[in-house]
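Below is one structure, written out as structure tokens, with a few remarks after it.
Labels run A, B, C and D following the written order; every chain starts at residue 1.
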């Protein structure tokens, strides 16, 4: 079995499953599991949100999740199981947008690996959020630019 | 309803429930939930562990969990829900020893509040772990001293 | 060569089928694709915001590409506006 | 006054009912309880390790106590060896 689970979940077909994430990253040798769950909020920048739509370049996103897991192993060693799943489609308030979980022998690595993974998902993954507001308006969120400059640095817009 | 849930769970009566923790710290205004789950490992300091027994001064532990939640509010504001539950009794490998979850509007606070709470539980709560080994031996774990010195600093043994 | 560029996020609003087909020379780089897409956008997209493209990256299915990189051999690309997952 | 001290963790091994009853003066402090418990332990607990008590704290049901604190009015205390939860 793979030590890492990476998934894009179409909300029309299934929901993100935190229990499955916990189960996946568990191991008899692991004492610490840290999980992050991102949910759709009812308010953003003062506007009443009724839902969001996530657009995603699925295949590149999955390749990116796998790269993040490889980076986790490079940083924390092979005693690591990572679970990275992101929803796509139209989500309502409270729906789960992303679930990241890390299992490791000790808790410090679990926290750090989980945090590293969710930051990478947020800043690097080809995912786009469109917010729908109570007044009928819809807006694509401002985000992080993935432009790779000549000096090799990625920029955050 | 209280914004924080603090519990001591006797393993003879019930199990820790991560799904209940996620549910409890959820809120329409919260976009981030971080959860830590501590499980019994099969190996510690190179010895094969078959199980652990947690002893606990229940009432003081619960008072301490409540204090930790109050500290969380002082640090992160009232937009915080915390869930702190610790198991007591005889646990087998893989059994859940502790579940801490934090819900907040944004993820940085969720990570920091969850980490603060589990560190406080580990370093300050009146809980004692006895490890049982494959060779029949049992040993109370070395831990953190709660001695309060004259200068008001707590020491870690 | 024929290049097909998939559109995501805010770019989806510009084309009903969320893709643009452009003709480029075989030696063209990602930077050339960027210029060609800008020209296409100026002509065909009434509400086009140049700043959106300026902050967007190009990618294959495997990775985000640099400006000097060649076009993927299969001619399949995507333009990625600033991301906002999680 | 009569003080009852609950025993936890490694201290449980020393008394079958996990508690010790000691007689102290009404003005006694936590430090006096510590001394009294050390004396009791030296007499009654064959394998007593003084270092364990030295690293242990005393508490009421509400809080960990300081050495200069008075004994809780109800005479109920606990001795807490170094903790190892989580």
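The rule we apply is simple: contacts are C-beta pairs under 8 Å (C-beta built on N, C-alpha and C of every residue); 3 or more make two chains touch, one makes a residue touch a chain.
Since we're looking at a predicted model, the values are computed, not measured.
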{"item": "Any chain that touches chain D and chain B", "value": "none"}
{"item": "Cα superposition angle of chain A on its copy chain B, in degrees to the nearest 5", "value": "180"}
{"item": "Centre distance in Å when chain A and chain C are each reduced to the mean of their C-alpha atoms", "value": "25"}
{"item": "Separation of mean Cα positions, chain D and chain A [Å, integer]", "value": "49"}
{"item": "Centroid spacing, where centroids are CA-atom means, of chain C and chain D in whole angstrom", "value": "73"}
{"item": "Where chain C touches two or more other chains at once, by residue number", "value": "86"}
{"item": "Where chain B touches two or more other chains, by residue", "value": "38, 107, 118"}
{"item": "Complex contacts: residues of chain C adjacent to chain A", "value": "6, 8-10, 12, 55-57, 59-68, 78, 80-86"}
{"item": "Residues of chain B touching chain D in the complex", "value": "38, 54-57, 59-60, 63, 86, 97-98, 118, 121-130, 140-148, 150, 154, 157"}
{"item": "Partner chain A, residues of chain B touching it in the complex", "value": "18-19, 22, 26, 28-43, 93-94, 105, 107, 110-111, 114-115, 118"}
